[in-house]
Amino acid sequence: MGNEDYVIEMLHIRKEFPGIVANDDITLQLKRGEIHALLGENGAGKSTLMSVLFGLYTPEKGTIKKDGQEVHIKNPNDATDLGIGMVHQHFMLVDIFTVLDNIILGAEPSKFGFLTKADARKRVMELSKKYNLKVDPDAKIQDITVGMQQRVEILKMLYRDNEVLIFDEPTAVLTPQEIDELMKIMKELAAEGKSILFITHKLNEIKEVADRCSILRKGKYIGTVNVADTTKEELSSLMVGHNVSLKVAKEDAKPTDEVLTVKNLCVKSKNHNKDAVHNVSFRVKAGEIVCIAGIDGNGQTELVGGITGLENVTNGQIILDGEDITKKSIRYRNTHGISHVPEDRHKHGLVLDYSLEDNMVLQRYFEKDFNKAGLMKRDDIRRYSDVLAERFDVRSGEGAKTIVRSMSGGNQQKAIVAREMDRDHKLLIAVQPTRGLDVGAIEYIHKAIVNERDNGSAILLVSLELDEVMNLSDRILVMYEGEIVGEVDPKTTTLQELGLYMSGAKRDHRKEA
Amino acid sequence: GSSKKSEKQSEGSSDYKIAMITDSGDITDMSFNQTTYEASKAFAKDHDAKFSYYKPTEDSDEARIASFNNAVADGYNVVVVPGYLFANMIKSVAESNPDVKIIALDCGEGDFSNDGSYKLPGNVACFTYAEELSGYMAGYAAVKEGYKKLGYLGGMAVPAVIRFGYGFLQGVDAAAVEMGIANEVEVNYIYGGQFSGDSSITAVMDTWYKGGTEVVFACGGGIYTSACEAAVKAGGKVIGVDTDQSGTIAKTYGDDSLCITSAMKGLAPTINTTLQAIFDGKWDSYAGTFSNLGLVSGDDPSQNYVQLPTDTWSMKNFSVDDYKALVKDLYDGKFTVSNDTKNAPKTTIKVTTFDNIH
Amino acid sequence: MDKKASFFRKSSVQTIIASIICALLGILVGFVILLIMNPSHAAEGMGAILRNFFKYNQSSTTLLYYLGSTLVKAVPLILCSEAILFAYKAGLFNIGAAGQYTVGILASLYTSIALGLSWWVCVLAAIAAGALWGFISGFFKAVFNVNEVIAGIMMNWIGLYLTNIVLGGKKVMDQSTSKTYNILSTNPKALLPTFLSDLFGHNQYMTIALPITVIVAIIILVVLNKTTFGYELKATGHNKEAAKYAGMNATRNVILTLVISGGIAGFAASMFYLTGIEQYSISSSVPGMGFNGIAVAFLGGLHPIGAIVAGLFIEYLTMGGQYLDTNYFNPQVADLMVAIIIYLCGFVLFFRNLMNKGKTKALTNVNDESASDKKKDANDQEV
Amino acid sequence: MILLIQYTLIFAAVLILVALGGMFSERSGIINLGLEGIMVFGAMAGAMVMVLLPADASKATIIILTMLAAAVAGVLSSLFIAVACINFKADQTLIGTALNMLATAAATVIVKAFNTARSDGTDFSAKLDYVTGHKAFLLHIGELEISWFIIIAAILLVCSIVFFYKTTFALRLRACGEHPQAADSVGINVYKMRYAGVLLSGFLGGLGGIIYIAAANSTWHFDYGVAGAGFLALAVMIFGQWKPERIAWSAVLFAVFRSLSNVNSGIDFLAKLHIPGTLYNMFPYIVSLIVLALTSKNSRAPKAEGIPYDKGAR
């Protein structure tokens, strides 16, 4: 008989994928009313385990118990019937549907098959109020921020009255404020008696909300600890098997020549009639890391788009190393000193159906190292890719010829970082370079960025994560509603001050040209 | 299954084995392929000869030659082919297959060479028809019957269809001029671009009938269906082609008076006579000849290869006797009808020519 | 390198085996249909289709002649499927190949008959016409975001009507027979030079179109898999945004892909009509060649060389239909069989998975894996 | 003018139904290039029923049974797509094309066998005559002759609009075409919904087929298939941006031009212009290309269409 204290017990779960055992004899016990964190490197098998619990995968071995009774969860319907809900790592939302439609989908109130949305709307608004999850029920998903999408996912679970809630990396895409809110909500929910499984790579968050934490490593179960009795360092070494340093070690910057100068830049918004980027001016020098901080959606994407050429600039000037590149093609910018780790790795960064090696030369295939008279030099490309993968620890099932789609998000990201760092550049633009990575990987990438700086690159970092911003940058520019509202020094500023700038409560009247 | 019937007759005892090759249409095209097929098959059955038909894979000389070779390889020694398209096939296979007799219908000297320089080998007999006479009679009759607004709906503009059409125009014109109503009589003239009806063609016919057209000469395979459909709705009439179509039309559309007459041509009799000649050992009279079949008698129209059907005569103002008189005049050369397919005939009446439908 | 090569071979062997299984199954189903129609002659009928031109085994000249004919007729089919698979690899579904083929006919026949030009000019004209048609679709796609399928369908019809107007004119079409004039008699220098004609029973339609087709297939293979140009096109096809990010000119690539694809389709038309084997007559629907090309492209595993084999196979069966004894079966049965085989090609992936799987695993698992297998496929083709 | 309306209604009815069929299929995530084939099968079954019904069958019987047969045949033939594309994850483009080829060949063979059997071996054409059946559908409103087909198509259009926007089922269907994983994660059976989408397209496509051949004709030659009407409907669907009410308008636009090409000589001012008929034929395509160019900036196909659903993949 199982222990009655546990709402969910997953016993000896084994799940195989071709060529890999994603979960190997994993046991996980979830107490009623607790927040239970699940920790592990990229590809450790966390998402797989949760998908098993939610009925998306059928395990090869093992049993699942709900309230001590053995249950068979064959599909999400079974999971829902058992009161299990999940917020997926990659949101399960239909873009063109409204918020309300997404929430009710699959559990629609209806009369004779016809939707009766009025009741649903009332219920959703009540829930939204009760948990302080602000949403606009009639907005389309494609038009709302990631944060709001997250709230929609949570409302989906609440709407279904689930008692076991799974959050798969919910914070990877949220702003600090949103993370705080989410933590509050999770605590509230737990207090109400709901049990929560929480996947994250961020140890702070585990320390803040979780009661216990189970650790997976390479598909195997390592152990479960009481969070209160452990330190972050202990957790991270449990996860990766050795000690990791959580603080970026770096010397003071020694800025030299000016590499990037942006003057009065304006970029039109796709969503509204105003400029997404309005009259922005700043400079980045070789040997320094300048960070653009701000809440998501304040024009960072468009600013980077303007500099890299992905978006049309309506006004202003971009000068790279003394040369005006405002009107130059993307190819020109790529080959004249700009490296760019893009914000959305799937949309821009990778051709998912190409192999790793082909992605490694995405901007360089035509160079004479890889191209002879229009023919690809396959051997050289392979060799190059292997070297990069080795150096940046990019792991993939079949080496250089692995199709990138099948690689984990973390490794996909590492591949991009490797590619961009290795390309000749004067300026490295890194947008959220560590989004969704495990601490080991983050450490590695941070080190690499600092290394780049020390080797004389100018770095423009765009990040939503304040930890990263504070740790990594030499100067911080804060963007709010398309304008740069302040410049601060990370050594002297506080999180509070940054927050004030980011929310628009404070602004400098800077002059820079 | 489709086989039961044919199986019985498939192993013939005759020395002659008859094959037919279709042109671009199928043997169910309600036009010359079908007539040729039915006549040859019936003949073979009556004479206990093996029969089969061959359908080329495409509409090309190469494919027609392939079908011919295929038939010969299967042991057939009499090959019946309908249509001018076969001229090139004959040119390339006739001489190298002297033991195979070829009967070509609707295939004239001009189809082989422009200047008549081609000499037909002894194992080939070619027949063409004076469709222009048949069309002439139909047109003449219709106007005499009292119709003033007429239409001509051809299938595809191939020589036989054109001759029917141009003959029709000449007949209408002659009658109108004779009656002194040339300024009142009008003809709409169009080709459907195919040998079957469809909604586009029906729509055009609807427009014609609604616009006052009283009778349409539907000239080409199954294209009459579009004319009939529109005619039924508007109380118009049609004229059939090739065989006496009044029966089929009456049966299909439940209206005995829908088809006022048909411009016939005697494909079936030609096939019967020629095949009979082969079986009787009298091939020599056809060997290597081009025959243009038209009027053979001024007094007994039913002997002619082109005629209107008298058995199902339904016209009132233009009687069978009037028809006989017309045939006599034509036979005597009192009226001359041009068989030119290159240039449309000059007429006093107004002819409106439309673009092909497809 | 070696490891890669052997892996490639293994997986391509699987594809070939799976394709063969589908073909055999199709023939089996075809046989069942013959059985239903006429049980006592079904075996004989099947035999006739499969024996095909080998029925002329008495005379090797005739046999070779008809072997040649099958090759000649397979040429446009193969080229159309090359056109389609080329675009498909670049992420575009060129359903407009049918229309590009049609304007290819227009250009080849107008230049050869009405203008009396030499064959190579006519070929170039056909390529240009097809390319222009492809360009229009591509332009609408790249500049106005018009779905290439709908643009292709529209251009098919526009091309058809335009062809009907132009080729229906007095200069090209014999008004009294409703067919275009024969090139042989009007302008023999527009006929493609013959090739191995004497070897194939003096088949005058055996022209340089045959070796050219093979060369085109090889060029496509090389371009797609070995060149930076192919790399770019495929990248644009898979992920337009990423291609843009990488500095590729996505707009230009979309247009260029359809221009090339259209050029090949137009070229296909010239390689057929300039042999003089067939005359054009006014048509109320777009020639089926472009659509059949889709089927052949897939039957050939979307591989340029596979398309050659598939095209020959389909043409062989189609030609086989004429050897059916019409007393027992109507000739359309062969078309039905071909269609069934093409339908069954859709199951190639399934059969391949079955082979990978071994006997014990259940169907659902097969399905689970098919996606990752597809990715492996892509990998093979990239190599 | 009356004729223009009449033929516009007929062509529009066909295009609307078939395009709606395509829409439901694509909304569920399956590209249906086989509409042409489905139409052929629907047309064939409907025509056979009209041929077989006794001469004294009542109008209502004829109408109901004919439509039923066409719809059922359409649904059955769409199974060719559903089974291959949903269960076996076959390529949707290939299967659609194959179905088109299959349909024309099969219809020719079947109708020939049907005629041969019925006529005791004297008629083996691939043609069916259904004059009585065709007449049973006719209906006169003043001078305008319309057909029950059109009324039924109009009713189905209204039903489709309501169904599409107002029902639980359609919401789920649409989710499957956009983000099947999301649908799956809330317990919707993606396979079932896709079946529903494809079968619906079979139902509507089959009806479209019978209307195409029987609303203005009383004879059909099945060796000619339906001459591209299915592809035209596909164009109408894309033109209508996968939305039922827009599809209706696009269909009418196409239909107006299509019928103009045939009846222009009956409209005085057009007849005077002497525009060649072929130009009229080209018109709807040219016009819609231009309109598309102006309206397509934001048009978007269902996101997941064409991709076989795979539980394991993401």
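Per-chain residue numbering starts at 1, and chain names A, B, C and D are given in the order in which the chains are listed.
Going forward, a contact is a pair of C-beta atoms (placed from the backbone, for glycine too) under 8 Å apart; a residue touches a chain by one contact, two chains touch by 3 or more.
What you see is a predicted model, and the numbers here were worked out from it, not measured in a lab.
Novice: If you tally contacting C-beta pairs, which pair wins, C-D or B-D?
Specialist: Looking at C-D and B-D side by side, C-D shows more C-beta contacts.
Novice: For chain A and chain B, let me know how many angstrom lie between their CA-based centres, rounded off.
Specialist: Taking the average C-alpha coordinate of chain A and of chain B, the gap between them is 78 Å.
Novice: Taking the mean of the C-alpha atoms as each chain's centre, how many Å separate chain C from chain D?
Specialist: 27
Novice: In whole angstrom, how far does the Cα centroid of chain B sit from the Cα centroid of chain D?
Specialist: 37
Novice: Where the centres are mean C-alpha positions, what is the separation of chain A from chain C, in Å?
Specialist: 46
Novice: Considering chain B alone, which of its residues make contact with at least two other chains?
Specialist: 1-2, 6, 356
Novice: Show the residues in chain C shared as contacts by 2 or more other chains, in ascending order.
Specialist: Expected reply: 37, 164, 284, 330, 369, 372.
Novice: Kindly provide every pair of chains that touch.
Specialist: Applying the touch criterion to every chain pair yields A-C, A-D, B-C, B-D, C-D.
Novice: Okay, in this complex, where on chain D does chain C touch?
Specialist: Those residues of chain D that touch chain C are 80, 84-85, 88-91, 93-95, 97-102, 104-106, 108-109, 112-113, 124, 126, 223-224, 227-228, 231-232, 234-235, 238-239, 276, 278-279, 281-282, 285-286, 288-289, 292-294, 296-299, 301, 308, 310-313.
Novice: For the complex, which residues does chain C have touching chain D?
Specialist: So the residues of chain C touching chain D come out as 33, 37, 93, 140, 143-147, 149-151, 153-158, 161-162, 164-165, 284-286, 291-292, 294-295, 298, 330, 332-333, 335-336, 338-340, 342-343, 345-347, 349-350, 367-372.
Novice: What residues on chain D touch chain B, complex-wise?
Specialist: Result: residues 2-3, 6-7, 10-11, 112-113, 116, 120-121, 123-127, 129, 131-132, 134, 145, 212, 215-219, 221, 223-224, 227, 259, 261-263, 265-266, 276-278 of chain D touch chain B.
Novice: Looking at the complex, which residues from chain A come into contact with chain D?
Specialist: Going by the criterion above, the answer is residues 17, 54, 56-57, 75-77, 80, 86, 88, 90-97, 101-102, 105-108, 110, 113-115, 156.
Novice: Quick check: in the complex, which residue numbers of chain D touch chain A?
Specialist: 166-169, 171-172, 174-175, 178-179, 181-189, 300, 303, 311-312, 314
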